[in-house]
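Scrolling down, you'll hit the structures one after another.
Both of the next two complexes hold subunit A, though its partner changes from subunit B to subunit C.
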Partner chain A sequence: MSEFNIVGKSMPQLGSIEKVTGKALYTDDLQFDDLHYALILRSPYAHARIVSIDTSRAEALPGVKAVLTGCEYQKTFGVLPISYDETVLAVSKVRHVGEGVAAVAATTLEIAGEALKLIEVEYEELPGHFDPAAGIVPVENPVHDHGRNGSNIHKQVNLSFGDLQAAHSATLFEVSGQFEFPAVTHGFLEPHSAVARWSDSADELTIWSSTQVPFYLRRQLSRVFDLPLEKVRVIKPYVGGGFGGKSDPFPHEFVVAALAGKVRKPVKITFSREEVFISHHARHPSIIKMQLGADREGKFTYLDLDATINGGAFGSFGVVTTYYNGVLTQGPYRINNFRYQGRRIYTNLPPSGAMRGHGAVNTRFVKECLIDELAENMAIDPCDFRLANLLPEHTLTATQFRITSNGMKECIERVRRDSQWDARIGKLPYGHGLGVACSFFISGSALTINRDDPQSIVRTVREEDGRFTVYSGASDIGQGSDTVLAQVTAEVLGVDLDCIRVISADTGRCPIDIGSYSSRVTFMAGNAARLAALNLLQALEKGTGNVGVGEYESPKMGGDYKGAGAGLSPSYSFGASVVEVKVDTRTGFIKIVKVWLAHDCGKALNPQAVEGQIEGSVHMGLGQFLSEQLQFEGGRIANASFIDYKMILPTDLPEINAIIVESNDPEGPFGAKECGEGALHPVLPAAANAVYNACGLRLRKLPAAPDYVLSLLRHEHTPVGAKKP
Partner chain B sequence: MSLPSFQLHMPHTVDQAISLAGSLKGDSAFVAGGTDLLVNAKEQLNCHKNLISLSGIGAMKEMSRFSIGAAVTIAELIRKGEILPPLLSKTARMVAGPALRESATVGGNLLLNGRCVYFNQSKLYRCSHGACMKAEGKACIAVAQTERCYAPFSGDLAAAFLVLNAEFELAGPEGERIVPACEFYVNDGIHANVLNSAELLVRVRLSEDAFDFNCDYRKLRPRSSIDFPEAGVAVAVKKTNERASELRVALTALGPAPSLAVLRDDQLEQAKARGLADTLWKQLSPSVLAVRNTSFSPTYRREMARLFIEQMLESLLA
Partner chain C sequence: MLHKITIKVNGEPHSIEVGSAETLACILRERLRLTGTKLGCESGACGACCVLVDGVPRNSCLVLAATVDGATILTIEGLAGEKELHPLQKSFVEHGAIQCGFCTPGMVMSSLALITENPTATESEIKEAISGNICRCTGYTKIIKAITSIVEEYKAANMVES
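On to the complex of A and B.
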């Protein structure tokens, strides 16, 4: 018998029937009287000065109700207060192909399209900056004027812990490598879409948007349009996936707001898939160098890491990404001597930003691949090697991250056992292999982006019929956060789930939650919901009221060095994966045969949803491993469609064994912590290590496309100790 | 993204369709499933003011043992595939994905517009990069200083029909004509076949001979569904008295036109000494015009086609 009635039981997500029967209304489905349609004219140049814009012919076209250019709203915005560097439309120069230059609102989409053709823009082309390595030194016409010393460096991080020199002398085994990763996209199904409408008095703005961050959007709209916060209302309808690609305030949201202000009617924009590829804020293309050492006892001595990440044209979450590339790499292992040098470089590519597993996926790949090499050199089983180096529960890392619950050991043991690792490793024929890797990720950032923001507040009300309504700012973007809030509330109140109604992600009705990103909602909004329900219960018992409010704030923690807050979380997830592959050594095709993935999510509030997150993570991770990459040439995306961008298909997926490990976090709601992002991390390196085990190839870049694999098979010297055909 | 406006015409007979096309003086295209033509039209590629739908022409949807209407959907071909040489449904199963196959037709696959990373692009991309000669531009982008378009023909079924020695029945203002599959295609990415203006592919004909071959089709593609072929190889082997008497190999997606190589009787015996795959490849390679304009490199695509021929022959001749 479970100690809980509702928590811990698998259940379909709230709204799932509406979604599968087509009744759920996404932003583009919403109906408005007198709706007008917006389109954005986008720059064909990667880097150019705008000499002039003539919109007169477009304005004269019947049916065109408003035209907008960049000079009308010059205030910058962004998600991080330290990188407010985007404008509604390009002001005096364009910084990437596809940046918005002008926008129109018309009575029909067709007229809006015709109007765009009538706008004449004169550009003076500037040389484009595409190579991040070239942007480290001062350059002519940098992407922004605020790069360090006239360079294109957006952010530089230098961190060092312990004593690297002393660690070198204790080191017996050492491995190093340089790895390259292209940009990859989130691949959510629903494109960005937004509708804006002003009040008749023109002093209140309402916007419906497919967003992960309604409260950040509200704040930035209020800044740019100079409105008090309470005069801006952001409503998030059903969202068809985000994965980080909807976690910034985006220019189009300001464009529809500005146009709606001019037209005095509701104005809508819905992106084409190409516009999504331009605007999504992809995972940063990166070049990562790493050196890793171990002593004669098989313990890590040091980790030395250098990452250059390609930020594209704007800041987005990039400062955080720069830190995460370093600091999230250390766990789940004890490594006391750790150096990280990282830099984010502005280029004339579409901006990079946050994507599932934010900032840590590529460096995790490098580290887990190098650990595999180290284990090979030391002739230790890679599972044993990892087990011997794990952080324990309730400890501090070198960067002074506070580790609480930790199910890492059990995760490795489970995938090892279920994959029959010990019976099979080293005994499979040439071309057939197994690989293992681990993960470590945050359950939300302990520090809020805007220092004065609370993390999450939930208000729960008993209605007159005896049922309960939960009001929360948290954005359900398909991950199931509404269901989690309902489950937690029902559990505390001792009622059935159908007694709970959740109203969420409407800044006009709900208290703040800062958004669905960095895997924070179950932990933080879940805690707030639990407290709200407890407070309501108390009020009901005492007869003092019908409302309970709960607020979650992270405990104070962390070091006092510069950047100590980055990567700091009240709780961390852990995980391990074993991947089985078969490599066709005549064609270079890698077939993923089977994946075992054990993830420590603290407590699975809805096990079916946790399994869904694990399966989705495997799909996304294998896509980046096997075939996904954005191909740029001259700043243009050459494959901005789902036929040319090779996201893997259901037919490419192997059998996935999702294993839930519950370490019962002392601070998580009913012990829960994150599961939406950490589960992605181990899949890619486990697959790479399996390829090595199969045919002796060490991959140094992704994706592991068959032509690349075949070229390695032909030209690379098969390392000593590896299997021979 | 919306379709440009067009006038849709719905003829009921082949004759009506042809005379409509004639009267519209070149500014029309025939449309069946629309999975190729309408996708391109959305990107304002090769748009026409008039579309003549073939979906109301019953005769073009008929299928029998020796005849397949051009408007038969690929899904239908699979469902009723048991009356046909098994190669056809095997190949058809590798075309696109299940949902697309319900709309896409046999004729549409045989007349697929050539695909190229520089052609199948958005208006923004073409405006930024400059459009190629197959779109609204003047020159080829994939290959410098060429007069010719290298967009590869990427239909799978063509390779199957080529090795089955099929014939295409065409109807036009000048009347009907029968063109063997091996004479239908032209190695030019813009005009990739012999169809004249207002001429229509009505059906594909097979002879009894098509049932005498053991066949296979292999497709090189990044993913296991949906993708167009980066190289497609069909192989057919006829055996007489337990001995191979005829070998037919067709390639698709390695140039603007699919190509065919045939070895019979004496040639076959001679080729055995030199190596069958090598001999066939030597025959085929002049028509292989693979350049860097798809996902995989041209070298890799050629190499894989060569490998597939070898591997398929090995298993079919075993």
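On to the complex of A and C.
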């Protein structure tokens, strides 16, 4: 018997009935009287000065109600206060193909489209910066004026822990490699959409937007339009997926706000799919070099990591990404000597940002592949090698991250057992292989982006009919956070789930939650909901009131070096995956046969939803492994469509075995921690290691598309780590 | 140029004047306000706008409204009864086949066409049938389970051997 009534039981997400009947309203579905339509004129150049913009002919077109250019709102904004570098529309120069240059609002979409054609922009083209390696030194006409010493370096990180020199002398085995990763993108199904409307008095702005971060959007709208916070209301309707692609305040949200101010009517924009690709803000393309050593006992001696990440045209989450490429790589293993040198370079490509598994997916791939090589060199089973090097529970890492619950060991043991690893490894025929890899990820960042922001506040009210309403700023973007809040609340209050209503992600009605990103919501909003319900229960028992408020703040922790806050989380998830592949060595085609993925989510509040996160992560991770990449021709994306950007079809999907491991985190709500992002990490390197096991190829870039695999097979290019003499 | 068409949508007849370039998706969403039909790509690549036109699954973003005069159209809004969900809808809900829900209407309509045509569909036929519907959240696993469960129910009710 479970000790819980609601928590730990599988249940459909709240809103499922609305979604399956077509009644759920997403932003583009909302109806407004006298709605006007906005479109954005986008730059055809990757890098160019704007010499002049003539909008007079567009303005004269009947039906056009407003035209906007960049000079009208020049205040910069962004998600990180240290990187406010985007503007509503380009001011004086454009930095990537597709950057907004002008915008119109018209009575119909057709008229808006006609109006765009009438806007004349004179550009003076500048040489584009596309190669991040070339941006490390001072350059002519850098992407931004604020790059380091006239270069295109946006952020540079140098961290060192332990004694690398001493570690080298204790090292008996070492491996190294350089790996390349192209840009991949979120691929959520609902295009960005936003509607803005001003009050009749023109001093209050309401915006409905498909966003993961209503409170960040509110803050930035208030800054750019110089409005008090309480005069800006952001409402998140149903959101059709995000994965990080809706976790920045985006220019179009400001464009509709500005246009709606001019027209004095509601103005809407909904992106085309091509615009979604252009807006991007997804996984950074990167070049990663890593060296990894182990001693005669088979323990890691050091990790030396160098990452150059391509930031594209703007900052976005990039400063955090730069740190995450390093500091999230060390776990789940004990590695006391660790050096990281990383840099993020501005280029004239669409801005990179945060995507599921933020900042750590590519470096995780490199590390887990090199561990496989190291284990082979040492003639140790890769599962045993990993098990021998794990961080324990309740410890500190070299970077002073506080590890609490840790189900890593059980994750490895489960995938090992379920895949019949020991019976099968090394015994499969040529072309058929198994590979293993592990993961480590944050349950939200312990430090908030805006230092004065609370993490999450929930207010729960007992209504006159005895039912309960939970008010939370947390954004359900399809991951099911509303359901988590309802479950936690119902469990504490001892009532059925249908006694709970959740009102969320409306800055005008809900207390703050800083957003659905960095896999923070179950842990942080979940804790706030639990506290709110406990406080309400107390008030009801004492007869002192009908409302309970809960606030979650992360405990103080971490080191005192520069950047110590990056990657610091109140709780970390762990996971392991075994992937089984068949490689057709005539065609280079990799078939993923089966995936086992065990994820330590602390406590599965809703096991069905946790499985859903694992299965979705496997699908997305395998897509990056097998086929997904943005292809650029100069600064233009050549495959900005779902036809040409190859995500895995159901027909190519392997059997996925989602395994839930529960370590019961001491600080998580009912023991829960993250599951939405960490679960993506291990599947890519496990697949790569399976390819090696199948046919002896060590992959050095992604995707592992047939042409690349074939080229490796033809050149018998199998670099392996060298054994030290 | 305007064309007058008469279509039956979810059992209700509508006579509408449509432009030559207007798509069925646009008519459903903008004129009839049936926004359950979603637009994810407007190029026939994602399947979010799938509806049944005379029983055949069609990406309504690629269907010109002027070409469906006289057609009977079923959208997601017409699937459930007054009080009960369609068994397929129920199965999607119960199996946790719905995360963000944006692909759900199109996915349900594609699967409905499949199980109507082929109520004993195999797993590979199910995968084939929904391969024009992109879902980025679920990894398709629970969607396939939801559809399979309907097939199994049909087989059990009709004593069809697996």
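Definition applied: the second predicted complex is superposed on the first by the 716 of 725 C-alpha atoms of A that agree within 3 Å, B and C clash if a C-alpha of one lies under 4 Å from a C-alpha of the other, contacts with A are read in each partner's own complex, and residues count from 1 in each chain.
Just so we're on the same page, a residue touches a chain if its C-beta (ideal position, glycine included) is under 8 Å from a C-beta of that chain, and two chains touch if they have at least 3 such contacts.
No experiment lies behind these values; they were computed from the predicted model shown.
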Partner touching more residues of subunit A, whether subunit B or subunit C: C
Subunit B versus subunit C as contact partner of A:639, first or second or both or neither: first
Which superposed partner A:243 touches (first subunit B, second subunit C, both, neither): second
Touching partner for A:272 - first (subunit B), second (subunit C), both, neither: both
Which of subunit B and subunit C A:189 touches, first, second, both or neither: second
First, second, both or neither for A:13, with subunit B first and subunit C second: second
Touching partner for A:44 - first (subunit B), second (subunit C), both, neither: first
Contacts of A:651 with subunit B and subunit C, given as first, second, both or neither: both
Interface residues of subunit A shared between complexes with subunit B and subunit C: 272, 643, 649-651
Footprint of subunit A on subunit C - complex, ascending: 29, 33-43, 45-46, 48, 75-77, 79-80, 85, 89, 92-94, 96, 98-105, 108, 124, 127-128, 130-131, 134-144
Subunit B partner contacts - residues on subunit A that touch it in the complex: 42, 44-45, 97-98, 109-110, 113, 272, 274, 586-587, 627, 634, 636-640, 643-644, 646, 648-652, 705-707, 710
Subunit A residues within the subunit C interface of the complex: 10, 12-13, 15-26, 28-29, 31, 186-191, 238-241, 243, 270, 272-273, 477-480, 608-609, 611-612, 615-620, 641-643, 647, 649-651, 653, 656, 658
Subunit B residues touching subunit A - in the complex, by the definition given at the top: 1-2, 5, 97, 117, 120-122, 124-125, 127-129, 220, 222-228, 295-297, 300, 304, 307, 311
